[in-house]
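If you scroll down you'll find the structure; I have some questions about it.
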Amino acid sequence: MSEKPRKFKGGVHPNDSKALSASKAIQDAPLLDAYTVIMHQNIGAPPELLVKKGDAVKKGQLLAKAGGFVSVPLHSPTSGTVGAIDKCPGPTGIAVPAITINSDGEDEWGSLFEPISDWKNTAPADLKQRVWDAGIVGMGGAGFPSHVKLSPPEGKGIDTLILNGAECEPYLTADHRLMVEQPKDVVLGAAIIARILGLDSAVIGIEENKPDAIAELQKVAGEYNVRVQPLPVNYPQGAEKQLIYAITGREVPVGKLPMDVKCVVQNIASAVAVFEAVVKGIPSIERVTTVTGKPIVHPGNWRFRIGTPISKALELAGGINEQPAKLLLGGPMMGIAQSSLGVTVMKNTSGILLIARDEVSLYTSEPCIRCGRCVDACPMDILPATISQAVENKRFDWAEELNVMACIECGSCSYVCPSHRPLNQHFKWAKVEIQSKLRRRN
Amino acid sequence: MVSEFLFITIGAILVNNFVLSKFLGICPFLGVSKKLDTALGMSGAVIFVMTLASLVSHLVNHFVLVPNGLEFLQTLVFIVVIASLVQLVEIMLQKLSTKLYESLGIFLPLITTNCAVLGCVVINSKAAPESIQSTWYGATIYGFCSAVGFALALILFSSLRERLDLAQVPKAFEGTAISLITAGILAMAFMGFSGLV
Amino acid sequence: MDLKIILISIAATGIIGVLLGLVIGYVAKVFAVDVDERIEKVAELLPGANCGGCGFAGCAAFAKAVVAEDAAPSQCPVCSEDDVRNIAEYLGIVVEQGEKKVAVVRCSGDCANTVRTLYNGIRDCRSAVVVAGGAKGCDYGCLGFGSCANACPFGAIEIRDGLAVVHPELCVGCGNCVSACPKNLIELVPASAEVHVYCNSPEKGVAKRKVCKTACIACRKCVKASGEEDHMLVDGFLVKTNYDNPPPADLVEASACPTSALRVASKHAANEYQGVSK
Amino acid sequence: MSEQETSQSIRLPDPAKLVVSNSPHIRSGQTIHKVMFGVVAALLPACAAGIWFFGLAALNVLLLCTVSCVGFEELWNKAMKRPSTWKDGSAIITGLLLGMNLNAGIPWWVCIIGAFLAIILAKQLFGGLGYNPFNPALVARVGLLIGFPALMTTWNEPQGGKMMVDAVTTATPLSMAPGAAQVTDMLVGNTGGCLGETSAIALLIGGGILLALKLIKWEVPAAFIATVAVFTGIAHAANPHEYASPIVHVLSGGLLLGAFFMATDMVTSPMTRKGALIFGLGCGLITSLIRLWGNYPEGVSFSILLMNALTPLIDRMSMPKPFGYVAPEKGKVA
């Protein structure tokens, strides 16, 4: 394994705007009267509801159990009673089922998991079961159940565990703060995950614009055979495939998973959650989220309970001083725009971001001038401009020929496009159409 | 000798391109240039027919028509030869590649009336007796190169048209109109080669 | 001399012709392919719109299937009864006549009546639905970017003030729009039914009214107005027309639908309804 | 923060004013407008050189071409009821390039015909900016060259700084006997020819601006110029009396103008770097062929037009393999 990271092709360098919140220590968000926990927080099957309206619940009590292997259980963020089980605005704009927990103000823990302090001598299978029981998902954005990633099929021969601390999205600093403030937890989490995978080492990849995080981690990393790998600043450095390439030089084949090149990638926040679940016995009921953006009065990083409405999070940050143009969950490059303040913090909500009017340039359908900037910027080496024109003319078959399925939707192409074409949306659309065609065929 | 071959080659492919300079074979040029794949298939078919037609016509012309003073039958006989060759290609193609056969559609039998083929054969038969074109191999090479020139124009044009498919051409100019304008500009560009040979 | 030349030319052309004919004949034998002439004939009898309403790739593919008796000629939604009969006669098969169907867009929430979010992106429903569910207050309503209208080979769908409206007299029931709609709003119904509920939201009445003035709130006035006959069926918070026993057009008048979600298709197409705000 | 503060003064976003769109939500700030005016800025040194050497007549031609190009563009937009597009700057570039490709002494009506060819025939009929397969200015130039060969091959004699309106005609270095041309004259621009192509230095400055602003791919001019130099160099070495030296070939005629400003036109050249190399190579090859053995003394315009026609094919062939590409298994057709 080389010490020098490889540079992947393409990428862009947006103004990272992290200074707004990078130096703000993580604060615990105060207890609210009510939390609205969205049922389906993970990729895969939705969990099965275990409570009904009026039930008394304790903090950390199971609200829903995993609805299959690719599914995780859901726990109560605080103690109180179950309120309405109804629909609330979901992160994708469609109303989704959610459980409201009315807090009793006691914030009293139910029965915790048995803490496993001697994890070094615990069977990996037991540790993995704990990860699953604690309801941990990929907290970087996708929300893929962590235990599934930690269960590679026989014969994959996993040899590298990578912790993704790149946090290449502009504005977001939640992972950054976690690494600075809880370096030991991060490293321990990494070591536990490594043990689950049967490895004795791990690599943490961090973009060079976070020197304090690198320094803090390096102080504690050696003890657990964890290597801290500084990476050049280049969006999308934190995309799984690019990260693996930068650190190991292996290319994940199109349509394949990291495990096919013997790698497992986990998010920093997930690693901390694993540490807390194993060593402290705490299920995944809170997460660190950055609330930031130019219109925000006091940007910062908070530890929110899952189910905190965005309006409350914004209030905590002092509200706004100007009407923003967009409200996003996640970062500005891949985040999802919201039209409601009723959406709640989920396990994969890494940031709540307000974008000011002067930062937004609207998408237009101006013609492509074939400048090729998108081709240069594309980290997957496909031809965004041509694909977009094909999609514009509903030529999804052609888009498929042009390898649109390899697109990772990082948005680099749309970022650089001087014509402000909605390239990324074209690709998402094409992927949906191609997949539905495949489904029809089967 | 070598230079003469070079002249025939460059002349037939670039300078006196059948489509863009002699304006022969415009019908398939416009008809089967909507897609690159079909254009490639058509190019193959035309190269096959034109090369063989040149050879067979030369033989027929040289050994049957001219000795018997039957030059006035040239057009008739040439067309019979071409038609049979096209028939051959059609039968074979239907068996070998049904997809290509269907996408070429009516334009395949229409190679018969592709004036580029007849033009090529007639030009061969009119070649000066001392020129290389009046030998059987010269005629064949000329036929082959002319067909390659036709193929070149067709492939270029079809790839351009695939791009035009994505363009927002004004309603009145959609389809054949804009294709003809494109062909015109292409022909203009090919004029740059004039004088090379 | 003339006779000689004539004879020679006849002989020369004759010999050349025979030789070439022999070669072709031989090649034709070697490369023989069976072609069913009936396919071409059936394709000629079909409308040639290539709309795909039959479920095949186009008229040619459908003709192939009909000849192979994998499909019945009446599966073509565009063919008139005469066309179907002609094809059946030609092939010597018996067909049953299917019932004529038309498409209905089960939403009446145009811009004037429905809450919408500011949306910036591609103006196409199937694409917009990828972003924030299409940015309409009602998650189940018509987005009005016209994917269905673009899919319609017969120009039977009009986009009016952000709402797709089917013109029943133009619709042939090919069903292209049905698969084009990302919200699954469009349904093929018997053309004889005139009254439809133009709402598709299974939400509670209160939730629906918040985002749309013309939502069906399942007040059952229409159910009551149809009396003993079960013309209208209640399904949760939504009423639907019973297409096995469709109501007469005057039910709309009789029931006085408070939100005007109940409409006569032809009048809806002619833009004769306004949302009722209460 | 205190309890009082949080209760009243906190403002929350108004959801009704929030825009929903797909990611990404921030942009690099690059616009078509900026790209185009960058190119215009890069064209100015060569224009200034043209005016210096050919006087006010050159200014007239440049202005006339630019104004009529913009005029035709707006007329078309009006007629087609499309929104006005001249502000994107592409028509201005076309006009300037057209003017630079003409002789300073050209009659005014030729400029207007050229502008019509460029804007209407070569650009708007194809759907406007972004859809034209051929470089509009070059279509106009080649059209005029074929239509009015005499007018298009008569050159004014350069008269540095005199700002004359009428002028004496002269020959271009390419049509002179090999060895007769002065390299320093060509560098500065003291030679006959189109008004935009005289001064190699001014063109190089413009090219430098384009490269510095990353408005063009360096592969195109590099491959173009290098190919011409190598090709004509071989010819010169083989027969110095018949063929001019590669330095003359590179510095004279429209080569620098074509290589930096016209071959690099983004709309009509390949998008990938590899494609750009092939494109430049092809341009150089055809240019050398025409210059050395063709009827026309100048092959730059023809070669670029021909390569424009080849662009879709090059794009198709130079399609990159995606990161982590796996070739589909044979016999496994989806």
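We call the chains A, B, C and D, going by the order they appear; numbering starts again at 1 in every chain.
Note that in this section contacts are C-beta pairs under 8 Å (C-beta built on N, C-alpha and C of every residue); 3 or more make two chains touch, one makes a residue touch a chain.
Computed from a prediction, not measured in an experiment: that's the story for all the values here.
Colleague: Of every pair of chains, which is linked by the largest number of C-beta contacts?
Modeller: A-D
Colleague: Averaged over CA atoms, how far is the centre of chain B from the centre of chain D? Could you give it in whole Å?
Modeller: About 34 Å, centre to centre.
Colleague: Distance from the CA centroid of chain A to that of chain B, rounded to the nearest Å?
Modeller: 60
Colleague: Can you check how far apart chain A and chain D are, centre to centre, with Cα atoms defining each centre and the answer in Å?
Modeller: Distance between chain centres: 45 Å.
Colleague: Rounded to the nearest whole Å, what is the centre-to-centre distance of chain C and chain D, using the mean of the C-alpha atoms as each centre?
Modeller: Each chain's C-alpha centroid was found; their separation is 49 Å.
Colleague: In chain C, which residues are in touch with two or more of the other chains?
Modeller: 117-118, 120-121, 130-132, 135
Colleague: I need the residues of chain D touching at least two other chains; which ones are they?
Modeller: Answer for chain D, listing residues that touch two or more other chains: 17-22, 127-128, 131.
Colleague: Hunt down the residues of chain A that sit against at least two other chains at once, touch-wise.
Modeller: Answer for chain A, listing residues that touch two or more other chains: 93, 336-339, 362-363, 367, 422, 425, 428.
Colleague: Classify the inter-chain contact topology: is it line, ring, star, complete, or other?
Modeller: Contact map by chain: complete.
Colleague: Quick check: in the complex, which residue numbers of chain B touch chain A?
Modeller: It comes out as residues 165-166, 168.
Colleague: State the interface residues of chain B toward chain C in the complex, per the touch definition above.
Modeller: Going by the criterion above, the answer is residues 60, 64-65, 68-70, 73, 76-77, 80-81, 84, 87-88, 91-92, 94-96, 98.
Colleague: In the complex of these two chains, what residues of chain C are touching chain B?
Modeller: Where chain C meets chain B, its residues are 5, 8-9, 12-13, 16-17, 20-21, 23-24, 27-28, 31-33.
Colleague: For the complex, which residues does chain D have touching chain C?
Modeller: Interface residues on the chain D side: 16-22.
Colleague: Could you list, by residue number, the parts of chain C that touch chain D in their complex?
Modeller: Residues 117-121, 130-132, 135.
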